[in-house]
Each structure stands twice: as structure tokens, then as C-alpha cells.
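Next come two complexes built around chain A: one with chain B, the other with chain C.
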Partner chain A sequence: MSAAPVKSESAATGPAEPAAKPRRAGLFRTAWGFGRTKVGVVLTAAIVLIALFGPYISPHTDTALVAEPYVTSADGSPFGTDYLGRDVFSRFLYGGQILLLLAASAALFGTLAGTVLGIVAGYRRGWLDELIMRTNDILLAFPQLIAALLIMSIIGPQAWLIVVIIGVTHMPRVARVIREATLRIVEQDFVKSAEAIGVPRWKIMVREILPNVTSPLLVELGLRLTYSIGIVAVLGFLGMGLQPPDADWGLMINENRLAITVQPWAVALPVAAVAVLTIGANLITDGLSRASIGIDRGVEK
Partner chain B sequence: MSTSTTDDHRSDEAAALDIDGVTVIGRPSDVEIISGISLSVPRGRILGLVGESGSGKTTLGLALLAHCKRATEITAGSIRIGTTDLLAGTAAEVRALRGRGVAYIPQSPASALNPALRLRTQLREALFESDDAAARVREVLREVALPDDDAFLDRYPHQLSGGQQQRVAIAMAFIGRPDLIVLDEPTTGLDVTTQAHVLATIRSMTRTYGTAGVYISHDMAVVADLADEIAVMYQGEVVERGPGSRLLSAPEHPYTMQLLRAVPLLKTDGGDHPADEAKTPVLTVRGLEAGYGRTNVLKDIDIEVAPGDCVALLGESGSGKTTLSRSIVGLHHQFGGEVVFDGAQLAPSSYRRTAEQRRRVQYIFQNPYEALNPRKRVRDLILQPYAHLTGGKVADPDSVVATALERAALPAAYGERFPEQLSGGERQRVCIARAIATKPDLLICDEITSALDVSVQAEIVELLRNLQNDGMALLFVTHNIALVSNIAQYVAILNSGRIVEYGPVGTVLSDPQHEYTRALIADTPDFELTFADSPMHKSIRAAEKEHTAVEGGTKRPE
Partner chain C sequence: MIRLIINRLFFGLVTLFAVSLIVFLATQALPGDAASAILGRDATPERLTALREQLNLGDPVAVQYGKWLLAALTLDFGTSFASGYPVAEYLAPRLSNSLWLMAFAAIIGTPLALALGSFSAMRRDRGVDHATSMVTLVLASLPEFVVGIVLILIFSTGWLSLFPPIFAGGSGAVWQYPGQLVLPVLTLVIAVSPPIIRMMRASMIEVLESEYVQQARLKGLPEKTVIRRHAAPNAIGPVAQVIALQLAWLAGGVVAIEYLFRFPGIGLALMDAIDARDIPLIQAVVLLIAGVYIVVNLLADIVGLAANPKVRVSAK
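Right after this comes the complex of A and B.
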């Protein structure tokens, strides 16, 4: 790297000049300082690990019939069987992967699209700003879940459709937050300075503005991830997600809810997983947003 | 003029303010922000508290009200207002004393007055006795030279000018007849003319009421003008203290000398006459008009800048000087008239200019805290504009950065730093380095020293002078007339969007033709520096040896 010669030079002239002030701790390090973030990371990591590696350690496959339906405990199935006699624990281990994948892609897609729109609207202003933000307002008028159900019932349950719909419903919410952050950055002189030398607009947005809205961006990403998990799980429960016989936490709750008094495990395990995951993600987001309030005060005087 | 009342006459009572060994520490690091400060101010006198940013003068000012900013704490010492010990009292006692015993006038009146309250309500809020409150409100308004009729009392703060707002703040502070009044840079945001009015009000009010004043400022000239006694603060300690006349004529502490030397002096004594040789101007502005929407803020602007010359654009806030400089650089698009740079008309938008034009005209912003992207290293801050303006890849990036930093008098190792690791002055140097890296012909400096301390200002001015000697043309925008007399060869005085006077600095300042220029010079605080010459002026003074150090003082053209 080209940094090497500069480093050696600074070593040579080092003692002559005052030592550099240490940089302020970054967003992640500040967030890590909060106890809640640590708890959140532990909870989220536990569920993510279960979802990712569950299928490799499960005692049975997700569709294998191992015993009679609705027994609370059997040989080799510590949490009993579901309404068809499949191993609850195995289905639990299998059921998280797709949910996490869908939720994560939906959150990423929505945040990405929202960020682009927010920065463009906040920087370009004028009619483009009006067009983007008023379209956003129209999208915001549809409740997330109702919109998803409406479109899914027309087109049919598809994994890609879940991602697109949830992403699109996240988009206007993210765009609002990022536009607000952009407006604060655009007022500052370093953006003007880039304009004065004619740096192309897209480059100003990518190089000058984007790095300065990362704090609200991360908070938004965490928030949208939390909501996505909930919505994907609910869609699964309502039968709009994965179709039987695939394993899915939302689906499991729906399939086994009739016998909740007889075989509570079949409902309790997926419910607990979704709850712990949501709480964990929320705690991380909370830590990030607390840290960003401290960092994004703008310019100190 | 600093009044040098040397008589030690004291009234029967003790001094209005007597503090002893006050120490304030910051939490959680336990660093002493101010340490062991002892001061006393008799009634009717004003103590000027001078120091640079970060010296702890505001912390001390707030401590006088037994108030601490968040995460700070008074850990030692005593503060006596009249006969009451402020630190020994309970919270309720201290609260009762604020406004009656001690009052505070903050820096920005616009944010100190509640925008939702009418002046009547606002002023009465500060008054504790309810009987005859209306009469007292009117009385105090008359004293600060504001109207006292009902129509005025029914106004909201936003319906007043900055100077009126500050006088309302002064009225609010004096309404409870306090023993001590703490003024924290109350004139910083004001024009010199308004500043002169406000200072006169403060002076007469403290005299009439026999109130002790503590005037916090970084502006040596203002303090020299107003205060009876001056205390110089440096790194949380009072390093020198004495009567104004003595401190200015024979400073003892090296830091005081350094501070005094850095203050630009207003020279109305002819100054240096620029060479008469006819140079081809690099920038010619003819009949420029500019505005926002239907409002026209600039009319008939004619300016020429030649290589190696510095043209100062002097004006108060709202005179349109920033609009003019931004029009030239292509950040303000709504203008008409000729802006010719090196023989070619400049397009209104920087995006429609050629890369060569953009490279040759560079702009430096007022606030170095906002002009640098906080997420980039200094190296990239310099290299990216350079690469953009010179087109494509940079052959030897390290030498470009090193050269630019060196010309801005910064070590090359600073390239690896982030803006937050730099002081305000260093940031402004990086801005300069960024601008001069591309070897421009015209540098537009928009109030580039107004956010900086005087000593830093002196260094930046020195740096600009060196650039000018290398043949760069400078357009120096400022509101500080003393600074103009120290850096520029030509000055254009801008008032309400028109150039009212334009010519060589020496001629304009020594023999001002326009009434506005005369008022501007008269309202600038006098500042007599009799101990030694200021190095800021040595380069100019060297040419005219006959002027002695005494010349530094200014005379009111009356």
C-alpha cells in the first residue's frame, strides 16, 4: 500500500511534533460498551447459530415420521412429536434457516433502496424530492402486513415475493430517516466544497454524504431486521410463507396450535426462538442508536 | 480607551465579587478545567477575562453563578457575591440569588430569549418583586435605550434586531439590580456598529448601578476598550492580572505578550501603497447583480484582482459579501453581469465551468469544523479534489500531499489523521492545503479566520501573505477592518449590497470618503499596544521604518 512510505516518514519526524489526539471510539465500540448490546448479541447469536447449523446436528430429518402424533417425549425426540408424528426438535432446528434468510434479505433490500432514495431526495431536493417523498407517503398509507397479505393472496406465496414486499414496505420508512440525516450533512461546507470543484453529483452522494449517514443507517438496518423477522414469521403462521411439508417456525406454530395443551413444545419452541431473536436484535439496535446519539451530534464547536 | 483609574478607593462594603481558589474538574476524567482561581471585582468596575478557546473562561463565568456544565463540578474554593457565600448555600438559596445577586448575559441573545414569550412576560419573569413591576420594566428598557411603550413590550424576540435582542438580554440581567453581572462574549455575533452601542450600554449600566461586571471575551480590543482590569486566562489558570493600561503597556507573562502581538491593529496611517505598475487583473467583475428569488442582494459590483494582490471585501453581516464570493466560485447561481476570469466569462454554475477554470479558482470556507468531511483522512481530503481537478490518476500522491501540507505549514505526517484529531487552526490549514494543492491562481477566503483564536488568526494571515508573495491573487472576505489593514492592498467596502468605497487600503482607511466607512472605523474598538511592535505588521513596517511602535495605536477620526 502507498501508506507505507508515509508511515516511515512519520516515524522519522515523529518526536518533533505533538502526538495525535486519539480518535473517538467508533459506533460499534461505543455500542459494545452498553450491557444491553452484549446481551442482545448473545441472544441473537444463539438463535442464528441454531438456525444456521441446526440441520447438521438434528437427530432426524424434518419430514421423517418418528413416533405417534402429539407425544410429549419419545425415544430420540426429547421434545416429542407434532401433529403428524414428526420430531419437533428436528423441525425446530430446520425451521429457522429460511426465516432468517428471508428476513435478512428483506431488511437489506429495503434499507438499501430506502438509503438510495433518502440520499437522492435529501441532496437533490426540488421536484425529485417531492416526487420521492410523496410516493413514500402513499406507500406508508398501506399497513405493512395487510399489503403483504393482499399481494400474496393475488400472486400466491413465493419466497422472492415475501422479500420484495417486505423490502418495499420498509423502503419509505428508511428513506425518511436517511433523508433527514442527509439534510443535516448537505448543509455543511464540505459538500459545498466538493460542488465548487465540480465533483459529479453521484460521487458527492457516495463519497461525502453516505459515510456520514452510516450511524442512522445501521440503526435503521437493525430495526428493519427486527420487523422483518416478525412479519416473515407471521406470514408463515398465516400460511403465506413456506408451504407444508417444509419446516418453518411460523408454520409450526400454526400446525400445532390446536394441541397446545396436549403437546406445548411444538408451539413453545418456535415461539421462544422468534421472541428471543426479536428481543436480541432489538437490544443491539437500541445499543447502536444510543451510541449514535452520542456520535452524531454533528460538528463540535 | 481603557480608563486607568488607579485610585484604590473602595466603598464601605467588601468587593462585589470575591472568589478564592475556585477549582472546577471534569467528570469522569477528573481533569482540572480551571484550577485555583482567585479574583475580586469592586462595585462599578468591570473585569475583562481574556483567553483563547479552551482556556476555561466560560467555565469560570458559569461557576460565578454556582452553575456547572454537564459532567463538571466545583470541587474547591469559595465564591462570595457581596456578603453571601454562593457555594455554601443550599440549592434554593443559590437559586434565589441568581438574578438578584448575580446575573448572566449569554453569547447569543437569539437563543437566550424564549421565542414564544412577549418581551413584557420575559422581562417580568426576571423580576422577583411583583409590586410596581411594570414601572421597573419600563425604567430598565429606557436605560438600555430601547422604547418602553406597550407596542414594543408586546413584541416577540424575533421581531427585534440582533443588537436590540442583546439589549433586552442586558435589561433582563439588570432588572433585578444584581451585585455582579457575568457577560459571556455578548457582542461576538454583532456588527461593530451594534457592538459599539451594546458596549456603551454595558458600561453606563454598570456605572449607574454600581454593579461589578465580569466580561468574558477572546477579543483583546473589546476588552481593552471596556474593562478596568484585565485577567488573562491560559489553560485553566489566570496567568496575569492587572489594570488594563498596565497590562497593555507592560505585559509580564510571555503568554500575554504572545496574545497581544497576535491582535491585528487597525492602521489608518496610510499603510503600504501598492505599486503603481499596471498589472493585468486575473479576475474582473463588472456590474454584477445577484439575488435570491425576487430579492436582490447585490447591485453594480465592480472588482478587479491582479496576481499577487490581495483585495479585501469588507462588510457587515447581511451586506452580501458571502453571496458575492460564492457567485465568483460558482456556488451561487442567480447572478448577472460580467465575471471574467483570465479573459473568459465564468458560467454561473461550477458544473458548467471547465475543469481548468475550477482548478484555478479555489474557495476556502469560513468554518473549518464543517468544511472537512469527518470520515476522511487528511491525505484523502487533499488527494481526492486534486485527482478530480487534474484529471484521473495522480502519479506521485505522497509528494502531492507532502508538498501541500508543507506549504500550509503542517508536518507531512498529518496526512494520516482524521479532522477530529486536529485543532481548529490545523483544520483551516488543511483546508488551505486542499485549496492550494492544485496550484490555483485565485484564492477566495470567506471569513476564514473568524472561527479561530487571534493567535491562530495571526499564523493563518502570515501563511496567506506567503502565498501572495508567490504570486497568488487573494480575495479576502471579512468583517474585521483591522485585519484588512494588515493583509490587503485594496479594499472594497460593501454596504447593503453595494460597494460604497473601493481603493488602495492605505488611502481608504486614512482618508475615508464615504460616511459608512468613517462610521465603521470610528466604531472599531480602540486598541493601544504600546509595549512592542506586533510581528504581524513587521513585514509592512519594515518598508516604512519611520513609524515607531507607538504608531500601532489608532486615532479616532473625529
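Right after this comes the complex of A and C.
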């Protein structure tokens, strides 16, 4: 039963595609017209490439001890060693993969769940709407980082848990936006006419409403991705993300920050990667949001 | 409007109650024996017995929650496992430290952001405006601890050893060590300001194009007076909600910053409590932060309602 809507969603793209696709391609084309979007794509692509292919070009493995701890440079280690004497550059090349994977999964999961809730709440209205939105209000009462810390401190830091918690904290924020968008769509005639000829409600939600909320949906996805990267990195930095001896940018910052004045590279490299990645993702999101609504997006952090 | 506000207040209370329930369930009513789950590897028979007693584990869950909530209402969060002090006594000085930090950030950041936003709006589409827009967009995307580390890299390492990279403090109140406060406060200011700057710019542009500002200019008022007396006060209204939201964000955002600078506030207390699995302390800090977050958000809501003339007039 739960699989049915998903299946028909892919089936539904058949007839819905001619209407939806030009609009989506248009959004990307308009967004691409802004210089900042191009800069964002270049920055993001650079970091993603480093994260994906870094392990294959890395001079050492991520756990090999190559020299004394906290050397600023050594033979074969252009950026020196970390607090255990491992090569900083190699750990930097290894450290992005899991962060990207976790952030992307969390953003996708949160946006997907939030979209479903938002469309259902906005279309069905009534008690279901009330229930969903009031539950959302309660979830919104926790700052995202605090919610993650609370759960992680009890269950313990685990990769899947990071994805679930960040996803769940994204969910109400996405649902709010999508519900607003849905409320505007529901008023329109094509929804009313579909109702009049007796199209089932789930089909209206999937075929009529979903294709019409893709613009805010994509903007939300970009925004959630930016925040996910930040939160995954912060969790690693606080020692609540991936655990040693994994190579992870957030964890690297945590491990080496005490010697920041002695061996700044061990902190500067991962910080630069996280910074460039979030800036890139946010520039793309800004381009998308300008293309879709023509104004500045909201300010929620 | 009064009815709307009462409505919001009521939902705020309900939310606070639900939050306390979630915090309690997440930390105490774990499946199986909470005491051994909490202590994990550190479980010794004595610690287990002590913890079971402190958590009222003999009672049904609902009774446990009731006892805990009633105690929490009188600010009695139990005794910290790690330090042995009552939680309230342990947290009070740290809370005031955090509030000082946030107050400094808010007092410096808000006027600065408002001024920058207006300045940018008055030079719309010129170089300064584009630069501000780009810089705020970049700063808004950075996680706050990244901002802090970059500041440390610039100001505390190498040849520019201006400020210490950590807050060492001393016996006095935190504001007695301004040199050590500079970096943490600056980090928070940079983390909080960008959305306020952007919103103020947008709002100011709208106001500057309005007819009453045109009218003020046409009747020959000097531009300074036009901005100060007519434009700025009207532009700030819509921004107030954004300011409140950003201040609410501070409540949670302060955790990573305090951890980075070893600043002795509630955020650092939370991280230390997590390290020591100090459950009563974790519960108290999370409730505290969520409470502040809810209250400030509520204020933002009310400010938003008050700033909306439609609501204000229709529901007199």
C-alpha cells in the first residue's frame, strides 16, 4: 500500500511531463543566467570532485602514520601532519566523501518527507492539516543542532542517526513552505476541474499539485542541502559526528584545533573545504530562488 | 489582535509542555532499564542504584514524568552526576555568562546591521550595494564555527597575534575580560547580521520608493531628515521580526561558538554534560535553550502581527 503512490508517481510523469519539464528546464536556465549561480556551480563542483576522487589520488592512506605529530611540512606531506602524525593532505582528500553522502541524504530525506506532509496538509486541510502543522510547530521548537545533540547524546553518534535526525528537523521547515505553495495551487481551476470529473485525491496531489510546486521544492532542496552540510560539519566539529579514526572534515577540525597556532594547516584545509562547499551550495540556491520567485528568499537560519 | 496574541501564547505553552515531554522521553524513559542504558560501560552497582533512585525508576513512566516536571517547574533539575552540585546552582553563572555574550552580540550586531542595510539601500545598484549583497550572501552560508575558526586563523595565529584563540577568563564576570571577548562576540555578530542586513535593505528600498518619502523630498526637507524622520522608522517595522528570529537562533547557535572558544556558558556546559553523560544537566540545558527559542519566536510572531496593519486594524 505504501509503495503504490511512489510507483504511480513515476508512471504519472508520462502524461505530466510535457507540462512540467519546460517549466523546470526554464527555472534552471533562468538561474544559470545569474553570474552567482555559475560561481556556485564551479565552487560546489570543485569540492565534490575532491571529495569523490580524493581517496584515489591521495599520497598516503587516511590512517597511515607518516611523520612526527604537528609538523607543518615533511617529505611527501606538503601540509604536514596532524595530532597523531598522519598526513593532513591525505586526510583532507579522504574526509569529504561521507560528509557529502550524509548531508545529501539528510537533505533529500527531509525535503521529500516535508513535501509529502506539506502537500497533504495543504490539499486535505481540516483536522489532518491541523495535526500535521501543530506537530510541526512542536518539532520547530528545537533548534536543529540542539535536537541533534539531544538524541545523539542518548543513543550515541551513528551515521544513520545523523541522517534521520537532520532529515526530521528539516521536515517541518520544508512542509511549511510547500503547504503555502499548495494552498495557492488548490485555488486554481485545473484542480477544481480534476475534482469535478472524479480524479482520486492522491492522483490530484501527485499529478496536478506536485508538478506545480517544483520551483519552491528545488529551492528548499538547495537550502536544506546548505544547512545539512553545515550541521553535519558542526556535529563532527563537536565530536558528535563520525568517530575516530575516520577521516572527516568536521572531526579533523575538532582533533587538531588545540594546535591551531602550531600547525594551522590541519584546521585550515578542512575549514576551507566546508566554507567553499556551503558558499557554493548557497549561491546555487540563491540563483534558483531568484529564478523561481524573483525576490530574496526567507531568512530562517 | 489581543485574541490572536492570547492564542499564540496558549500554543506557546502547549509547545513548551510537549518539548518537556520529548526531552523527558528521550533521556529517561528509554526502553529497558534507563539507568544501565545511561551509564553504559561505566555501570557499577552503586552508581546504578543511585541513578535508579534519582530517576524514580520504580514508578510508572507517567508518574516519573509528573515528578520530574513538577520539580523542573520549581527550577529543581536534580543533581549533576559529574560535579555533584544541584543543576540550577551549577548552571546559573554559566547562563549569565551566555546571556552576556548574546547581549553583546545583539547590542553590537543589530544597529550595525540596520545601518549597513540602509546604507546599502541608499546606494542601490552601485558598487557598495553589490559588494554588501555578495558579502552577506557568502557570510550567511557559512556555519558559525567556520566563521570563528577563520577569525582565529586571522587574528590569533602567525604574525597577527592580536587576540587569544580561547577564552581563558578568570574569577570575575566575563565582561571584565574584553580582549578575550572580542573574537567570540565578533563571530556571533557576523553569524547573526547578514539576514538582518538583507531584510533592512529590501525594506528600506521599498520605503524609499513610497509616495510619502517622495512627498517629504518634494517639500524640500534635507535628505538626512527624510531618512531619519520618515524612511528609517517605517522601514524597521518589517525587519523587527527578522531581528527577533535571529536572536532566537542565537540560543542554539551559541553552542558551537562556546565550544570553540572554551567560553564558560550553557553551550559548553551542554557539551561537557554530553561527554560525561550527565543526564540531569543535559535535560536542563536543552529545556532552557528550547524555552528561550520558543519565547523569542513567540515575540517575533507578536511583533510580526503588530507590524501588520491589516491584522492590527481588522481585529481591534
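The rule is simple: the second predicted complex is superposed on the first by the 268 of 301 C-alpha atoms of A that agree within 3 Å, B and C clash if a C-alpha of one lies under 4 Å from a C-alpha of the other, contacts with A are read in each partner's own complex, and residues count from 1 in each chain.
One rule holds in what follows: a contact is a pair of C-beta atoms (placed from the backbone, for glycine too) under 8 Å apart; a residue touches a chain by one contact, two chains touch by 3 or more.
Quick caveat, the model's predicted, so the values are computed rather than measured.
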Partner chain(s) touched by A:62 [first = chain B, second = chain C, both, neither]: neither
Touched partner set for A:220, first chain B, second chain C, both or neither: neither
Partner chain in contact with A:240 - chain B first, chain C second, else both or neither: second
If touched residues of chain A are counted for chain B and for chain C, the larger one: C
First (chain B), second (chain C), both or neither touched by A:194: first
Partner chain(s) touched by A:282 [first = chain B, second = chain C, both, neither]: second
On chain A, positions contacted by chain B and by chain C: 299-301
Contact set on chain C toward chain A in their complex: 11, 15-16, 18-19, 22-23, 26-27, 30, 134, 137-138, 140-146, 149-150, 152-153, 156-158, 165, 195-196, 198-199, 202, 242, 245-246, 249, 251-253, 255-256, 259-260, 270-271, 273-275, 277, 282, 286, 289-290, 293-294, 297
Residue ranges of chain B touching chain A (in the complex, touch as defined): 329-331, 350-351, 353, 355, 358-359, 362-363, 365-367, 369-376, 379, 384-385, 388-389, 397-398, 401-402, 411-413, 415-418, 420-422, 434
Contacting residues of chain A [partner chain B, same complex]: 2-3, 5-7, 9-10, 13-14, 16-17, 20-24, 188-190, 192-199, 207-208, 211-212, 299-301
Chain C partner contacts - residues on chain A that touch it in the complex: 36, 134, 137-138, 140-146, 149-154, 226, 229-231, 233-234, 237-240, 253, 257, 260-261, 264, 267-268, 271, 274-275, 278-279, 281-283, 286, 295-296, 299-301
